[in-house]
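Data block below; observations after.
Per-chain residue numbering starts at 1, and chain names A, B, C, D, E and F are given in the order in which the chains are listed.
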């Protein structure tokens, strides 16, 4: 993908026709992997993300276990074919950092103290990437945690805001991330207004930054509704199956 | 550990049933589980396919890039097959570089494609000795419920058949992309069929609990003309000559059935 | 293990004090420890600086070499930031390749420099697509007493500001060194300011024992114009919007103070 | 080595003068390494192979030990100078796969249940390679196991058949392996007609395949006699030494 | 650095103006890192070396512990910016070898039997290198060991002699090491005349070698005095602080 | 662990005997075990040799390939020495990348060859700065019964002396092989002699059980003119100056004897 001349057209619409504060089409499905204790699949624009949760379970190696709570482990990983140039399957420095910040984003929501001496392992696989995969990964992983029956304070949901051609925009796709002026991924527990992930790259004044995080939080709240629907859908399906 | 996954009782039951020509999930000995094939589901890859065999789920993506040929085959493209047993797919898979199981899986898929000359690698040369196309076939196991080999080989074949390459022309020794696509030159359709030996009988397409019980495993890959192009025996048991020859015959038939799911002819 | 380093009692005391607007080491909530900056202490490196923040001690060396540009940015030099948490610096650091903490540290420092366009990378191109200067920024932590991020970012900035590049001319496509040096083209001065959230209050520049107690960490890097260029939240807690906005405002002010220690303007 | 024009001459003889179903000259020696519990050396054509067995012995790391039987471990490794272009000593993907299939080929023969909680380690070093080294490795390792006194159902012996210039041939050397039409390595316990390794690369009809495995098995039976002689030779020598 | 025409000028002086048997200016400081149990810093010419000691402490992994004595571990490591061309931070083969010989050089001095089941870890970081860093590392590490309060038979001190332009010289700098005719690094416990490290590269007759080690030992004895001063300085400072 | 290999009693006996000038295996203090040298046993390698010293057994293979020179020595060939302590050779060797013992062994052998200028590397340049011959010396330990250094150095020297290089000519910047071979230009014959210090006495060629007892180890490599070209002290003990000088004198004599086994002059 080479650099486009402009990221916004004369009408102020984005390359994929979206308005400045418009989310990409989003689709979620819960409980789709047979082996995992919990799993979810998400499509957000061209992003395709799979998350699985195993646990709570015995910790290996044992010396990592904590006497008073579970340990939460997280692996964010991109499939070699998920991006334009084939990615080596060995974890890159970027993937290692993102695994850490995603774990930090999810951990505030999980009641780890309910499961001492165990581990809860989260695996996020980016099957196709088009910008905002860390946010998509968090949103998906939260569903997988819920599907695994892990008690949580609230779902965690993530969305980025940013800036392109001088305007603040919501839910950046790859080209906007790469050639825009700023990217502010944010994760939160909407129920208690707690920001659990915040990063920023680019250049923003304090005022712009304030507006960007408001915009991102608004995006989060919308995605949160889709998350809840997806969980309900699974629950309804399961219930119907049970009643049959 | 295995005993904590499949109870000893269940294992015994599986073996007893097979002796009587039956299987725990109701299949006949030479019957596959339900197969679902979804081609081209990763738009950013040049080719892709997802295959479900029962609850086993494998995604294959094909990427095509340019690079250097092997020095001893300067006028051919390069095929590279890699398999990742990502920990999402099974409680027994761990993060880290491919272990011997992942490497064996990749190499079986690789040999089926290579030995049947499925890809016309000689058509993937751009500048002899300098620049050729590299075909990366990445096998990504998403759920492991047994018989990863057949699912991976089938997904790889489907992905290759659906792979599109960009058009290009050479300008001053540089590749310049042109509009439009053409298919990857696929010339053969290798299909792997895997047998498990349980209680001295053969079954096809073993699922995970059968794999825990089986003595040995035999994969036979045949091509569109019914010729054998690759074989791999695995597992700590053995086969008799008779079993091998029986398996070869059945593999040819089963492969022909599976091939129809991918290639409409 | 942490409990063997900081006693539970001390940890409780730290949290209680912060709630009252005080800190165990007597600082105000928004006060840095004593900062000492020593530029150019490694003569064999093109640039270097050592920064002490309290007992935290970080050495940064800058090396400049020639190499190939990234294929998608053929006309720009390359910036590479690496951080080593050498075991000399803390009983909790172990030999081996950088772990997630070291990688995160390097990437935060990297983003501050990169996003603020601190180095005019476009001036570091020698032959477009073929040869450019590579700026290696190596962060070497020598003693860890908390807030490695701010110390590393400050040492990196100081080292870059003091980096000298040799003069050269091109002869037959080869670089020939000429006498004399010129400064690295540094155009912006990003400064990182890190907050810890303890007992629901923010403190700046947490030392090690505060890091053991904190719920979460927030680093805000601002540039010479007071614009935010990079943010990183860490730790297993969360922030409110109010806390984030408050931190951003203070970060801008504190960064301006710290910047004066490096750049005399 | 560049590609030869033909692999068979007008008389139907092979590049090294062999007939289609003729084995390469083969030589074995048992018990030649001082430290190993069992060892053997084999030359088959230009192949030079050394195998050593250590065990049964305590397992490290301990958690790998099995309560009801020994674990069998196997490492097939090529010396850097064993092939035309120097090979990096780090194990290649090919060496890792071969280590696995060789272990699978030897395991059916070993009474692992006699030695619970232990490991038996097999190390195969290819000092010089000229085609068919996995088979040569199995044949040598079986001797080393016997030399170590490990009880076995039968010796395991291996040999390849294949196809070159349209004809089925026995015991392929490197050039035939590389430029021929098929390679079928096979290992067996001749005493009980059990095939413990079977691989195939190339293109064969069902009929050709049936003949190829018959041919390979016939080769195995011949090499089996040499194996037994080599063990006897060692036994005789030891006996003579004891009687002196 | 390209090869100089000569390493000695007409007056027999070296490139940095030193006489043949003259040490570079040397400076040491003890106890300068807050976290380490013992530490020291040394400048010798342009060499800048930091050493830290942690221990005696519990051994990880536990199975390495010895029932009757401490284990001594040593890591010699060069900062990426310490040399002319940036060095990858991954340990090179040279660094791994030097870590071993430095440990072998320090171990004879330490009463390891006083601390069974523990480890004493020595970390040497070369911040700037200009020839003779293994010797400088040993000299610095010995101070760090003393600073950590580890009981020792004697301090260990190291210095190289060598040959350049046909003459024996003391304390080689990088250019002399690289372009000279021989380099003989030597470490000793001066109090008991025990040589604990000896290496040699180059070409020397037996007679030259004998003179070279005498010269190196003489250099060691001079540096030994500086070591003792540095320890005294720390002790005095601490004492003064205590008395305040 | 060592106590399970050599009983404490045996170790004590070894030390007591050495004090009396005797050795457990009946040798004199300055006597080598029986040495057997077999050159050129790996036909596919350009050079090779197997050396037995008592039960210690080392195989060295030499491969010659073309590659790039080091940038700072553009007009010389490259020497690369690697040692593998393959697990076949000893119950204490483990699979995996070379550990510190293997690396030290390789570097001692390397330095003996390099510092004595045994190979005329300047004659191995094909195109200055672009293409040179690379000499790979691979030390492969097959049975470890002590004194791996001397056995490895001797095997390496023998292999190099017997190494044949193909003839070639340059056509259009490409190497074209010509019929026939010429010897590798070997100009010097470094030989390593290793001493163990046991009970304050020196012995030469320690076997494995003596290595378990020794306080320290000293290897002195001398060249054909009796000059010292390389020294390595190992082990956790020390030497007196007197011991060192005595060892140097004996090393020169012993090396001359060993050298005659390789080079007939």
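Worth a mention:
Keep this in mind: a residue touches a chain if its C-beta (ideal position, glycine included) is under 8 Å from a C-beta of that chain, and two chains touch if they have at least 3 such contacts.
What you see is a predicted model; the values in this text were computed from it and never measured.
Listed here as common contacts of chain C and chain F: E. If you lay the C-alpha trace of chain B over that of chain F, the rotation comes to 120 degrees, to the nearest 5.
Chain E has its Cα centroid 52 Å from the Cα centroid of chain D. Chain F has its Cα centroid 31 Å from the Cα centroid of chain D. Between chain C and chain D the centroid-to-centroid distance comes to 57 Å (mean Cα coordinates, whole Å).
Chain B and chain C have CA centres that are 48 Å apart. Across the assembly, chain A contributes no residue in contact with two or more other chains.
Chain F has no residue in contact with two or more other chains. Shown here, the protein chains touch around one cycle, each chain meeting exactly two partners.
From chain B, with chain D next, the chains follow one another around the ring as B, D, F, E, C, A. The touching residues of chain C, counted against chain A in their complex, run 98, 100, 103-104, 106-107, 111, 115-116, 216, 218, 223, 226-241, 244-245, 248-249, 252.
Residues 42-45, 48, 55, 57, 59, 61-63, 65, 82, 84, 86-91, 95, 97, 136, 138, 140, 142-145 of chain F are the ones that touch chain D when the two sit in their complex.
Against chain B, the residues of chain A that register as touching in their complex are 33-36, 39, 46, 48, 50-52, 54, 57, 75, 77, 79-86, 89-91, 121, 123, 125, 127-130. Across the interface of their complex, chain C is touched by residues 93-94, 96-97, 99-101, 103-104, 107-108, 184, 188-189, 193-206, 209-210, 213-214, 217 of chain A.
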